[in-house]
Amino acid sequence: MLGLEKKDFQLLLVVAGLTLLAPFILNPFPESSGMAQFNAGYPDLMQRFVIFGIFAIGFNILFGLTGYLSFGHAAFLGIGSYGAIWMMKLISLNVIPAIFMAIIVAGIFALAVGFITLRRSGIYFSILTLAFAQMSYALAYSVLTPITGGETGLQIKSSDSPLFSNLEEGEIGRANLFGMDMRASFELNIGDWLFTFNAGYYIAAIAMLASFYLAIRIFRSPFGMMLRAIKSNQTRMSYTGLNPRPHTLAAFVISGMYAGLAGGLMVAMDTQVGPERMFWTASGEVVLMTILGGVGTLIGPVLGAGAIKYMENILSKINKDVLHEWFAFLPDGLEDLLVTIIYPFIGKGWHLTLGILFMLVVIYLPGGLVEGGQRIARALRGKKANDEDGPKASTEPAE
Amino acid sequence: MEAIILQILNGLDKGSAYALIALGLTLIFGTLGVVNFAHGALFMIGAFCAVTLSRILTLSHTIIDETKTDFLGNPAKVEVPYVHDIFGVATGDAIIDWAVPLSILFAVPVMMAVGYIMERGLIKHFYTRPHADQILVTFGLAIVLQEVIKYFYGANPIPTPAPQAFTGSFDFGAALGFDPNLIIYPYWRIIYFVFAAVIIGAVFAFLQYTTFGMVVRAGMADRETVGLLGINIDRRFTIMFGLAAAVAGLAGVMYTPINSPNYHMGMDFLVLSFVVVVVGGMGSLPGAVLAGFMLGILESFASMREVLAILPGLNQIIIYLVAILILLTRPRGLMGRKGVMED
Amino acid sequence: MSKSNFTRRGLLKTSAVTGAGLALPTIFTAQSAHAFTNEPTGGTVTLGFNVPQTGPYADEGADELRAYQLAVEHLNGGGDGGMMNTFSSKALQGNGILGKKVEFVTGDTQTKSDAARASAKSMIEKDGAIMITGGSSSGVAVAVQALCQEAGVIFMAGLTHSNDTTGKDRKANGFRHFFNSYMSGAALAPVLANAYGKDRKAYHLTADYNWGYTTEEAVKASTEAMGWETVATVKTPLTQTDFSSYIAPVLQSGADTLVLNHYGGNMVNSLTNAVQFGLRDKQVNGKDFQIIVPLYSRLMAKGAGANVKGIFGSANWHWSLTDEGSKAFVKSFGTKYGFPPSQAAHTTYVQTLLYADACERAGSFAPCAVAEALEDFEFDGLGNGKTLYRGADHQCFKDVLVVKGKENPTSEFDLLEIVEVTPVEQVTYAPDHPQMGGAEATLGSCNNGA
Amino acid sequence: MGILEVKDVGKRFGGLQALSDVNLSVKENSVHAIIGPNGAGKSTLLNCLVGKLIPDTGSVMFDGQSVLGRTPHEINQMGISRVFQTPEIFGDLSVMENMMIPCFAKRDGAFSLQAIANMFSEKDVVERAESMLEDMNMADKRHMHAASMSRGDKRRLEIGMCLAQEPRLLLLDEPTAGMARADTNNTIDLLKQISDERDITIAIIEHDMHVVFSLAQRITVLAQGTPLVEDDPENIKGHPKVREAYLGETA
């Protein structure tokens, strides 16, 4: 189906199902229960899940297949965002041209950066990409302020009147898709549950499904095979008459364009860009997402992105009062004790939980969350790992 | 001329901080083959050793002073450090004043212990794992360490001044025959530079002239062979990790009077020190030191307003720009060996 | 599991169809049931407190959060009422806002505009917050203010000092109580001229981003108007930690005054470095060398320790103020938490009260109605004397404090002393002042959202 | 005029003259062996032929075109394939994938955007790779993880990968080094079969005289970076200079 093998097609269907039904899946708890704090089915976070999913999928095409660890990928996301917002400010508030602009700008920048950085490999490549990203960040924050807005970034203002728009005087333009506002939502109230279906989310979700589909095609294609061959043995690659560098460069540019798409979608969903989107910690974040989920697997990066964004947005919002409410049914002493124990890990301590999670995953699940899932599935099936699984897992990227 | 001499001094000073951290990173990478993203955190913990010691020295009991009032109009509580009770006010104040230098004695065993626990408890299990795993697990550890420090000490920088005797600055200009006040340099920064030079020299001498060091150097070059010779290289590597942790920690202790320590100072230094290590060439100790000083000096020159007038924003990117240029002309950094972390 | 009324949806539930089965889908648009974004329909109203909880400004964020909690307590009739007793407007009854109990949600801005917007959006979309407030930097304030404008909720800025927030980036739904770079310059210049003379050569080190630019511009303009000469201005990267290479050449330039247009960690480090270099012991042009820090905060002073002694700067508010409002606030804050509040705490507390009061006076939570009630509102009793929330740019105009690092602090909170209270007239400017974005700057029209 | 002409090649590493005045002519469709004691410069010479090293002096012509200054993949695309001392294969890929890659390289060249577009039409490549695996008697191993095979199989796969490109010159660097006798004989048989059945020139660097004399039609002896003799195998066997070079080394 769609040029995919059965297993891959099933995976695509599962991902499509999860993505399209996300408003239900992410809001499992009734609104009035204390657990509602853990609901993630509101538009902004759902959008972030899929957007960072795209970013991580793209990063994985480079890192997972070729083994080249870019430590400056956030620069492409940021530059894509700047491209998109300028498109909206000047040309049209429609998100389609803005997103295309983001992909193109990021692609061109990736081509230039990749052309230079791919002369080196290993950690030397990582540091070169880091250097380019940090320079982009530092310049966007300071001397490029006229173009980037500096610290305060760029937003659409009432004084912006794009070429193709019919805004009234003083009206602040909004991102739309042929007139449909990205923030338009349809809310479904079932008993104590409330589900939000947001236009922007579904556009981003479709973009992610398309990206995911393309990623499967790349992974399974001879081109993907070439990239894995580069990771496996560059010497043999050269002595087989293949030039590794343009192959890697192509992967780098594709990966940069994925980042640009993510950046463009971020602007489409939320019309604002700031330079810290390009800071090295943002680049580090996508590395962490990919490794956390499972490098070289198809679904891993999406899971990793979801896990990190969930913690950042849900865990950080739990404060002491919320904890006290949760444990209010306990005797006072026990309640206070529990709150005291848990409090350092939530709210302002969410970084601590994140750090501990990384360590646990790397120590016990070197294959990331995907490996965790596989182990659970295997345990459920009651089957022991047979020998065949070992080499196969690394030959063919697992789902 | 004066401006240039001054910036060379600045560069040496900055460079010694970079070189010290890069040296520790390279020691760990070269001996253990581990990319330690938690190295910045060790630097930070070192700095907090100084904070902790000065907190210990200023441990106080409160007495109510009826003659004064606090901001709410209640009788004021006055904190009296125990050292005042024990040694008297003058000696007690002198001890508190000397908290930072005293912290060196305090930090060495603490850092060795931290290094030992880290190596035995965590790093040991990652020798054979891919570099990406090492980076992630040590990065996770760095986050955990800095959050723990933040939990106990807060996010705000904590002033940790040098002893009174070292405040003020030395007038190089007057000494060299220029007009006074043109080339001045703080005493503590001069001490920091000398300290860094001594540490760097000591590490090199240790590796060069002791049997232990020779074995470790051999292990750096070819771990398997040394293992085959029946030498317990692992135990030595543990000691090396402790040593590297101590170097990072001491660099942190001595840095506290220069900039008030805060919980994220390690992260701030981490990226820069990695750039330094890579520019120097992965695994090369002299390379790390050389690159540290070189980037320190270049950074200082790029911050001169005469330079910025021509190239605005150069100070923002100089280190990265130089790193790119060096890596493009010298594939493995200044003194890197072939095949180290190239795949 | 205990019941929580934290979310809007929880509130919605009360009006939702009871009984089993599928309720009819509802689409929220401006024309439907709700007149404006997150209109509270139950017995409570939710405010969103968006402060830095991680990153370098986490301590400042924690202090803001303390003040918010205190404000909520007072609004709901708890505690001693604090500034509600001294506030010139008596609309607040201590029974919540418009009879609805005040609840709040918190989020982490991380001092990054993306994260701050994500957190604010989650409060608006998930928790049904009707007002967002907080923040500890101008980048975040401008980003979140723009978001609130789009979403149709009110934004009550926390600590943001850049001119841009109510200058070129001003928004109809955003309000700032905190003072700004222009006011710092205008308040400082006469005091400096008085203390250090009119014949000074100043050397500026400026953080290389928007806030730094506006502060440098403001201080430069107002000191030059007093007769000072600006020898040089040098931009320093935000990520700089060691400022030695910027400070060392200062003496060579012939300058006798150093202005540090730095905030937070930058200021702590640059000031520490400058003092280390012994600049303050030097004599240049026959005058004692001086250092100036245009914007002070207590946490910065704490970070820089003894280095701040005798150094001039400006502040929005200080707990040692003796007006009735300030005293009442310091008393209730100090009683609850055991130490005096910072200026960030003060501004966030006041912003919450002002918002609640505006809702009461407007008789509505609708953002446009609240905005109208706040515009050109004159009040007193919240510290800083008589204050005007100017309608043209949504900036508060009030007295500004010129402060100095205290020589003999009695506690870790007693680091600054007030040198002069600069009257409001002296720091007032025209809404279309060139430093404020000129004639082009516009608030746009207010947005009720939904 | 041979297919490979090496003229006056010299190469110096610092103070060491690794090669000097090397002249060599490999006749088309022959099997030519290059032998010599350790350190004679055999591998250096090989590296000069495939573009890994650039000689300081002299010229290397392949089929009338100079190879000097070209990168390894360009030289490979001219028709020179190389088999390494330790088999260089794509260990993380399956055997079938290993075989497909040279087939792609043959079809689409070193790299082109067209090649990426072509990635959706792989049928002909798959067929070709399958038939190559048949030829190599490895069809049953096609789904195996290449790194998990025995050394002999790896060698066989590597040779198969080289042949899949239909090279005109196949360079082998000690192909039987470290192999058991049985594997060595298998390899000899395989190479014999290749040289008999295909239009191909084989140049082989070898230590093992058993291999050399089983295969070679012409032998060049290298010592201290210079060719001593070039002759037919039967003349080499008793050649005094050769004996001296080898005995000198062993003594």
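Here the chain labels run A, B, C and D in written order, and each chain numbers its own residues starting at 1.
Simple rule for what comes next: contacts are C-beta pairs under 8 Å (C-beta built on N, C-alpha and C of every residue); 3 or more make two chains touch, one makes a residue touch a chain.
These numbers were taken from a predicted model, which means no experiment stands behind them.
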item	value
Winner on C-beta contact pairs when A-C is weighed against A-D	A-C
Chain closest to the middle [Cα centroid of all protein chains]	A
Per Cα centroids, the chain farthest from chain D	C
Between chain A and chain C, centroid-to-centroid distance (C-alpha), Å	33
Between chain A and chain D, centroid-to-centroid distance (C-alpha), Å	46
Distance from the mean Cα position of chain C to that of chain B, given in whole angstrom	35
Distance between the centres, which are taken as Cα means, of chain D and chain C, whole angstrom	74
Shared interface positions of chain B, touching two or more other chains	312-313, 316
Chain C residues counted as touching two or more neighbouring chains	58, 208, 235, 237, 239
Touching chain combinations (by label order)	A-B, A-C, A-D, B-C
Complex contacts: residues of chain A adjacent to chain B	67, 69, 116, 119-124, 127-128, 130-132, 134-135, 138-139, 141-144, 234, 280, 284, 287-288, 291-292, 295, 344, 349, 351-352, 354-359, 362-363, 366
Of all residues in chain B, those that touch chain A in their complex	35, 122, 125, 129, 131-133, 135-137, 139-144, 147-148, 151, 271, 274-275, 278-279, 282, 312-313, 316-317, 320-321, 323-324, 327-328, 331-333, 341-343
Complex contacts: residues of chain C adjacent to chain B	55-60, 208, 232, 234-237, 239, 241-242, 244-246, 248-249, 251-252, 265, 268-269, 272-273, 276-278, 281-282, 284, 299, 302-307, 319-320, 330-331, 334-335, 340, 410-411, 413-414
Chain A partner contacts - residues on chain C that touch it in the complex	1-7, 9-10, 12-13, 16-17, 20-29, 53-54, 58, 61-62, 105-108, 112-115, 117-119, 121-122, 125-126, 137-139, 142-143, 146-147, 149-151, 162, 164, 169, 208-211, 213, 235, 237-239, 440, 442, 444-445, 447
Chain C contact footprint on chain A (complex, rising order)	31-37, 39, 42-45, 48, 138, 141-143, 145, 150-153, 155, 157-159, 170-172, 174, 183-192, 194, 196, 270-272, 274, 276-277, 312-313, 316-317, 319, 322, 325-329, 347-348, 350-351
